[in-house]
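Input: structures, listed below.
In what follows, chain A forms one complex with chain B and a second complex with chain C.
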Partner chain A sequence: MSFLHFIVNDVLGQASILIALIAMIGLFAQKKSTGQVITGTFKTLLGFLVLLAGANIIVNALNFLGEVFQKGFNMRGVVTDVGSIAGIAQQTLGRETALIMVLAFIVNILIARFTRYKYIFLTGQASLWMATVCSVIGYMGGLRGTELIVIGGVIAGMMAVCMPALAQPIVRKITGSDDIALGHFCTIGYIIQAGVAKLTGDVSKSTEDLELPQSLSFLQDTYLSMMVVMIPIYLIPTVVAGPDVVAAYSKGVNYLVFSFLQSVQFVVGVYVLLAGVRLLLAEIVPAFRGIALRIVPNAVPALDCPVLFPYAPNAVIIGFISTTVGSVLGMFLFPWVGLAMILPGMLTNFFAGGTAGIFSNAVGGRRGAIIGGVFHGLLITLLPALLLPLLGQYGFANVTFSDSDVISVGLVFGHILNFFH
Partner chain B sequence: MDMTTMESILAQGLAPKECALALNELGKRLSAQNHTDSAIACWEKSVECYGKPGYAQAQLMKAYNQKRRESALSGDAQGMEHYAQKIDSLMQQSKDAIRYGY
Partner chain C sequence: MKKLSILAVCGAGLGSSFACEMSIEAALKDLGVDADLSHCDISSATSTRADIIVTGENFRSQFQHYTIKATVVYLKRLVDKTEIKTKLTPILQELGYLA
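Coming up: the complex of A and B.
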């Protein structure tokens, strides 16, 4: 019994080991060599632990931000970064998240195999974010164990098919075919932005007819643009809060210098976390892809948002900039109605904003991309603010989810669970 | 100017953007004649010449996906994985080109 207890609780109860074993099963299923199985398994284990290391850096940086924000402005400042909150959640819900992800893969394959919706969702990190929100919201709503995993897995699996299906009419317009689909859990934001663009834009004047200036090109380096945004976000409340507040953290370092370094530490944390995510998913995604595409050979792969970048590269940049403008407006606007101050997440603004720009250019041209982008920025600032109360203890980490589909699932799932609780 | 082969286009020493355009056109002609592998080679060379995401990347995505699908339908697991990795690399290249320049 004690050996069984050891295996179930001490070995399989460790999320890092569990997810490495999942990768190992996937590698065996692909008939990889012994060397490849061992390498892949250990890389996955390493990736998960690197992810947790990144999460720790982020938590420390955000604890400081939360303190200076509260003391300086007497309000909560919450960063939107889906990777950061997912990393923090893995510290306690890693096992549940891993199993939800596996079940979601199975549900996706079953739907694609037996219905006319042949989409196979292949964006690993997006699957991880969706599994995380299901586990966090399910846990905060009172679900535990098998119940949490099954319900979360079914929801995540259905989203893996529904969201590509929802986006496909416009993806078809962009790419000219149904060969590929979009696997990026920001589709609700894209559809809403496209709606605004269609109403306000002029499809005959495309973003691709423009010659964009190179002067702002450095902002497209997402880590650099994250730093450009995070430095004032840290420094301004620090100046207002004053050196006495910072003294408890800074161990004698000048308070502004300390704050500046903390802002960069946040970016470091995100960099480390995402490096861990890439390593973690490097074996799991090919395994899933190999299995899924063998079971559903006529599958339509739902791929990450860069699949659309070649069709309208200028729209990516315009969408990014206009979404950022909207998110900054929302940051100042929504606290007036009692919501937390949601600080812009530059990774989301780039990838989701950029892709939304492509969607809105397809139906509303460059005017639609600009107006729709500002609206999109407001939306992706409002949604995280609405989700915060449902996150419970995870919401106190001063970071929240950022992708519109992930947040929407959280909102609907969370309110349904609260209704029954 | 001889634009009938990849080698003849590259031999002309055109500016990167013009070279890419010529290779894109050649790839399009080859694709229309069902010479998919040759078309892929042209578009891959085009991306090497001029990395801004555009026509070549879009055509490569379609071509790789078609090849991947053919491999899946014929049970060629290695072929499937080969073209899936090509798609992954192409997406990474598009992402990096927009973020860091081309």
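Coming up: the complex of A and C.
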């Protein structure tokens, strides 16, 4: 009895071990060699622990930001970064999230097998974010154990088919084929932006006829562009708060230098966290893909958004800039109506903004991409502000979810759970 | 002969480079070439020692800032197996991995 207890609670209770075992099963199912099974299993274990280490770095950097923001402006500033909050949530809900993700894969395969929607969602990190929002919101709504995992897994699995299906009419227009679908949980934002672009734009004047300056291309290096934005986000409140507030943290380092390095430290955290995610998914995604393609004939892989970038590279830059303008406007606008100040999340602004730019260019040309982008920026700033009260204890780390579909699921799921309580 | 290493690269090193890596794997299987495959972000790519780097056309200007020993392949469609095969074949022949 005590041995069983040891296995179930002490061994499998550790999310890192559980995930490594899931990867191991996947590797066995693909009939990999013993050597590959061992290295793949340990790589996955390593990945999960690297992810947690990244989350710790982020939490430290955010604590400092929260403090200077509070003292400087007398209000809360919350960063939107889905990876960061997912990392933080894994510290306590890792097991639930892992099992929701596995169940979501199964639900995805079943829907694709038995309906005419043949989409197989292959963007592993997006699946992880979706599983995280389901576990966090479900947990805060009072669900526990099996109930939480089953409900979360079914929701996440359905989203994995519904969102690519929703995007496909415009993806077809962009790529000119039905070979690939878009698997990225920002689809609701893309569709809304495309709607605005269609109403306000002129499809005959494409972004791709423009000549954009070469110097903007560094923005494609996401960690660099993130740093460019995080530096003022840290330095401005630090200047307002003054050296006394910083002194408690800085151990004698000049307050501006300290704050500058903290802003870079935040990016370091995101870098480490995503390196962990990469290791974590390296074995799980190919296993899922292999199994899915065997079970589902004519499966359409739903892939991460940058696969669309080469089709309209100018639209990516324009969408990114206009979304960022919208999110900065929203940052100042929404606190006026009593919502938290949401600081722009650069990863989402780049990937979601860039893809939204491609979508709106396809239906509304360059004017559509610009106007739609500003609107998109406002939307992705409003949604996290609305979600914040539902996050409970998970919202206190000064970071929240980004990605419109992930938040929309959180909002709908959270309010339904609250309604029944 | 040293085992060939190929690196797929995108902006964050998570999604599309991974999808690209899986397409490269399929392409190499057709060509009968065995290689170590991995994927990463563009900042890390410049400091790794791969023989061949595969990335999107949109990153061309980024890569031209650096001197990289690896042969860089730019793709229009990151997951197009045919394009990958067409562009990799001459390089593999030059490096001696393909007759």
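Here, the second predicted complex is superposed on the first by the 421 of 421 C-alpha atoms of A that agree within 3 Å, B and C clash if a C-alpha of one lies under 4 Å from a C-alpha of the other, contacts with A are read in each partner's own complex, and residues count from 1 in each chain.
Methods note: a residue touches a chain if its C-beta (ideal position, glycine included) is under 8 Å from a C-beta of that chain, and two chains touch if they have at least 3 such contacts.
Remember, predicted model here, so these are calculated numbers, not experimental data.
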| item | value |
| --- | --- |
| Which superposed partner A:Leu281 touches (first chain B, second chain C, both, neither) | second |
| Which of chain B and chain C A:Ile180 touches, first, second, both or neither | both |
| Partner chain in contact with A:Gly124 - chain B first, chain C second, else both or neither | second |
| Partner chain(s) touched by A:Leu293 [first = chain B, second = chain C, both, neither] | first |
| Touching partner for A:Gly373 - first (chain B), second (chain C), both, neither | neither |
| First, second, both or neither for A:Leu303, with chain B first and chain C second | both |
| First (chain B), second (chain C), both or neither touched by A:Pro313 | both |
| First, second, both or neither for A:Gln30, with chain B first and chain C second | first |
| First, second, both or neither for A:Thr222, with chain B first and chain C second | both |
| Doubly contacted chain A residues - partners chain C and chain B | 180, 217, 220-222, 286, 289, 301, 303-304, 306-307, 309-310, 313, 316, 350 |
| Residue ranges of chain A in contact with chain C within the complex | 122-126, 180, 184, 214, 217-218, 220-224, 274-275, 277-278, 281-282, 285-286, 289, 301, 303-307, 309-310, 313, 316, 347, 350-351 |
| In the complex with chain A, residue positions of chain C that touch it | 10-16, 18-19, 22, 39-43, 56-59, 61-62, 75-79 |
| Complex contact set, residues of chain A against chain B | 30, 175, 177, 179-180, 217, 220-222, 286, 289-290, 293-294, 297-299, 301, 303-304, 306-307, 309-311, 313, 316-317, 350, 354 |
| For the chain B and chain A complex, residues of the former touching the latter | 52-58, 61-62, 65-66, 68-69, 72-73, 75, 77, 80-81, 84-85, 87, 91-92, 94-95, 97-101 |
